[in-house]
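Encoded as structure tokens, the structure appears first; notes follow it.
Just so it is clear, A, B, C and D label the chains in written order, and each chain counts residues from 1 on its own.
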Amino acid sequence: MLKLSISKTGELFAELSAARALYLPVEGGGQTTFSRYTPEADVRLDVLNTARSVKDFFLPQTEDIVAFKRAGKKISIIEDRASDEPFAVFGVRACDARSLDVMDRVFLSDPVDTFYKGRRENGVVISLACSEPAETCFCGVFGIDSAEPQGDVVASIVGDTLCWEAKTPAGEKLTETVKDVFSPASAEDEAAAEAQKKTTREIMRQLPLAGLKIDNWGSDELLEKFNSPIWGKLYQGCIGCGTCTYVCPTCQCYDIQDFDTGHGVKRFRCWDSCMYSDFTLMAHGNPRTSQLERFRQRFMHKLVYFPANNDGMFSCVGCGRCVAKCPISMNIAKVIRALEVRTNG
Amino acid sequence: MPIDEKGTFRPKIVAFCCNWCSYAGADLAGSSRLNYPADIKIIRVPCSCRVNPLFMLRAFQRGADGVIMCGCHPGDCHYTSGNYFARRRMTLLFGMLDYLGIEKGRTRVEWVSAAEGQKFAGTMNQFAETVKSLGECRRIEDLRCKESVG
Amino acid sequence: MQRIRGMMRDRAAEMLRSGSVSKVLGWEKGEFAYDETPAIFTSADELCSDNELGGLVYDGFSSAMLSKYLINATKKDKEGKAPKALVFLKPCDSYSFAHLLKERKVERENVYAVGVECRGMLDIEKIRLKGAKSIKSVEESGDSVNVSSFTKDYTFPRGEVLLEKCVTCKGLDFKYCDEVIGGGNEINWNRLDRFAGVEMIEEMTPEERFNFWRGELSRCIRCNACRNACPVCSCNKCVFDNTDSGVQSKANADSFEENMFHIIRAFHVAGRCTDCGECSRVCPRNIPLQLLNRKFIKDIDALYGEYQAGEDIEQKSPLTDYQFGDAEPSVIYKRGGGV
Amino acid sequence: MADSAREMLIPIVGEVTDIRRDTPDVKTFRVVKSDGGGVCFPHMPGQCAMLSVPGVGEAMFSITSSPTNTEYMEFSIKKCGHLTDWLHEMDPGQDITIRGPYGNAFPVETELKGKDLLFIAGGIGLAPLRSVINYVRHYRKNYGTVDIVYGARSVDDLVDIDEIRSEWAGKDGVNVHLTIDRAQEGWDGNVAFVPDYVKQLGFPTTKTALVCGPPIMIKFVLKALETLGFSMSRVYTTFELRMKCGVGKCGRCNIGSKYVCKDGPVFRCDKMDELPDEY
């Protein structure tokens, strides 16, 4: 483990950003989001969840896929892909770090999404351990240890020391480029870090959502959960916006649309939300006719369908963004609670 | 950015013209051999009231540097009151564009009757000058429509 | 508030039991102290339950407006019969309710509207910004708000942690309600002029205005929460959901689409916006959307005479009305700043 | 699957060389690879392809031609939406873009081999089955008896009626049973809804059934087959939902945990009981 005084993080960031594009939590407009590092940036390492999740870097809200030219009856395809810039994201919390596993399951499974893969290979994730979890946090429910996140490099702030530990070859390579700013951690530092982890885990256990029971969810319960009458009650407040899906680090549904620029056609991919009425709309009708079905789809996907296809892995990481941001305060925690009863014995 | 052979900027302008008056006014301007810039593209609408604020914005998206709407003089609407409604709408829209920091000289409303070929040409010349002095529209543009490829 | 809640429960339970209404639109307790959800109660037992989750509640976090839910809640059933719903309305909600009546989105006879006393709603974001972390409970007592967290307890003056829409509250009158529970109170917090924000922007140079709005609107994630929460955005099919409209622009691919969405969203409610501020409240990116709507309100007031949507449902709304002598659009050019 | 180094969302250009009007609202499009001719990619019966006209839209269509045809691919398309309207109005020689093949296929080389087959189609539902039928006819000795029940609203709505009558009916032991919903002048064949007709004909339950048609027809045909005593493990059908990516990532064509584009479109009907009723 390496260490650095918290007052010297500016040097670390400057070194890192010299090596590759560096993104980190920066405050602006009253919110903290991952933004590109500048010496003037108001870096906030104390803020837990950024307003937008880390998925922005791997699945951007919109991206051009391909362009077309039409001349008479002829069509030509223009593949003009920008090469991926190497980058690092600093300050990724444990929940977001785990969300990348979920995304990998989708985009790196056959056939591989080459856009995603390119960014994944070019991005180094520097996660940051939590020490003051919020009441909306429930990553522990999904077996995530917020005190010890995953990532290429794991950083933590203990008192006024920033601890740094490379965990993967990519992380070690990056550490090599900035090793001069660090000094090796002493046994005391290690002990202090361990002590902090213990305290954090203790707080995690006391959080209001820590008691959510997830073991009654998963693929075995598909039809029982799907047919539960409780959905009919839960969805009533849902206004059908896409806030929960867009702030979610694991919501990966997308749409592909064409934009006619007047001298060609750009085909782009953009985030989409299963909460929208046009999500499944076809020329001959819509299989999900009301908000009830759309609302149910989102939670069934995260808690039942995804585990069914991915060895039991849930596609929720308990970051709590939807809990904090839903306009009507309906969220996955309430859904888990309301349907937690095992329906088939 | 479209530039003529002398190297001066030639703005793209979209003019929404009411079928019953301004469009005929434009016609008259043409048949009277009055000059106005060829960069003004006229879109004929059944009434100035047909012009949705979206049309204005879409014109800017497609690369217009200025958008003007022409209709019958208040009181002369073919449908009695269409232009009165259009007037309120456009006033509010222009106020909003100004509020967002978009140059107000890029939008305009002018009442031109079928007999006012002279006024039509004059208005267009004047508007083109204003837009020309403002330069290329950068504050409400869609870069995708301005790129040369794709 | 406890007293008000008790009265609300009694009244609603009585109406449900007697069968005068078949459903009650209210708020339900959540997981925390502050995350109440709009809920539809169909039985008195459900309404009065005091389980961990469930039961009608009303306090400083009952901010979500219920008016718009009436559109669906009073829809005719298969037999063509419309159910009658009881709805609780805060003063500003009642204006939106009135506007829905005016546009015949909701029929008056299908609703039993109960106004409920409002002392301004609390903003959990503001409480967080004031430094409260890991919030355990939020208690209101008089003019202060006591927040306790896992590590520390805080007390804030109520006026400092009110929702932005309540800071600029337009008044505590109730419109078109059948009865009012509580009420008669006065605004006892430091109220700001609702147009102050608009004026501040108007006084900027065009350059500054442009940069200000770019900074704000570039945060938009196009979640449509502002549109969906808006009580008067009630088109059956929104132009932005219509694949045939050509302007669907599902994602903010660039700044143009951000501008277009927000201009058109605000424009479509110009002259209809009741200034309830739900758009700003629900925005997950804290964009002050109400400033766009208020610009239209301010211009309408100045150019066509004072108008408050939802005040009088017989009055014509400004964009479906005109005067022969209305100002010409050129009036905009006379405004200060820029060309 | 497509070449893994290539991005699966990027299509290739295909040229429509021939357009045939089958019914008032169904046309069959013949597509060859624009660059070099021939089929755009190999496929198996039942698989689909994403066709698109840039700027108009992209949608999933089942490949109507049999894999045994290596000269061109065919798509029978009903006019019912944005993109299909456009396709119906275009002329031969027009380029479109195409990517695929997507989805699983009817198990023609495994479970269906050596079996007595019963094809049941309604309207445009013949499109995916035509691929299988022609495949089976090509490798005729690999399969047992073949019966085809095909119905539509009216005579005019029977897709590919000429091919059915001249190429399929009575040849190589293929039995064709046609039906229309309502009696019509000049039609001396059977008049009945497809599910009723299936019940009326009463096939032996040793047959394996392949069903495709409008969702409502599928539902009733499955009921009819059940009445006849068919085990649902010997019945296959295909689904259609809105798709964008075609590879199970865009997240919209799922029925429960199954993606129609990847795990389907062909489903064995006994597996359908495990899926929620949302299609």
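One rule holds in what follows: contacts are C-beta pairs under 8 Å (C-beta built on N, C-alpha and C of every residue); 3 or more make two chains touch, one makes a residue touch a chain.
Everything numeric here is computed off the predicted structure, so don't read it as measured data.
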{"item": "Chain whose Cα centroid lies nearest the overall Cα centroid", "value": "A"}
{"item": "Per Cα centroids, the chain farthest from subunit A", "value": "B"}
{"item": "Centre-to-centre distance between subunit D and subunit B (centres being mean Cα positions), rounded to whole Å", "value": "52"}
{"item": "Chain centre separation in whole Å, for subunit C relative to subunit B (CA means)", "value": "37"}
{"item": "For subunit A paired with subunit D, centre-to-centre distance based on mean C-alpha positions, whole Å", "value": "39"}
{"item": "Residue list for subunit B, restricted to those that touch at least two other chains", "value": "144"}
{"item": "Shared-contact residues (touching 2 or more other chains) in subunit C", "value": "243, 253"}
{"item": "Numbers and ranges of subunit D residues touching at least 2 other chains", "value": "82"}
{"item": "Contact set on subunit C toward subunit A in their complex", "value": "30-32, 34-40, 53, 64, 68-69, 129, 133-136, 149-151, 215-216, 219, 221-225, 227-229, 241, 243, 248, 250-253, 278, 281-282, 284-286"}
{"item": "Subunit C-touching residues of subunit A, taken from the complex the two chains share", "value": "28-31, 51-52, 61-62, 132-136, 203, 206-209, 233, 236-237, 239-243, 245-247, 255, 257, 259, 268, 270-273, 276-278, 281, 323, 325, 327-331, 333-334, 337-338"}
{"item": "Complex contact set, residues of subunit A against subunit D", "value": "65-66, 68, 70, 73-77, 79, 106-107, 110-115, 219, 222-223, 226-227, 252-256, 258, 260, 265, 267, 269, 272, 274, 279-284, 287-288, 293, 297, 300-301, 304-306, 308-309"}
{"item": "Residue ranges of subunit D in contact with subunit A within the complex", "value": "1-2, 4-13, 34, 52, 54-58, 80-82, 84, 91, 93-97, 240-242, 244-245, 247, 249-254, 256-257, 274, 276, 278-279"}
{"item": "Partner subunit A, residues of subunit B touching it in the complex", "value": "62-63, 144-145, 147-150"}
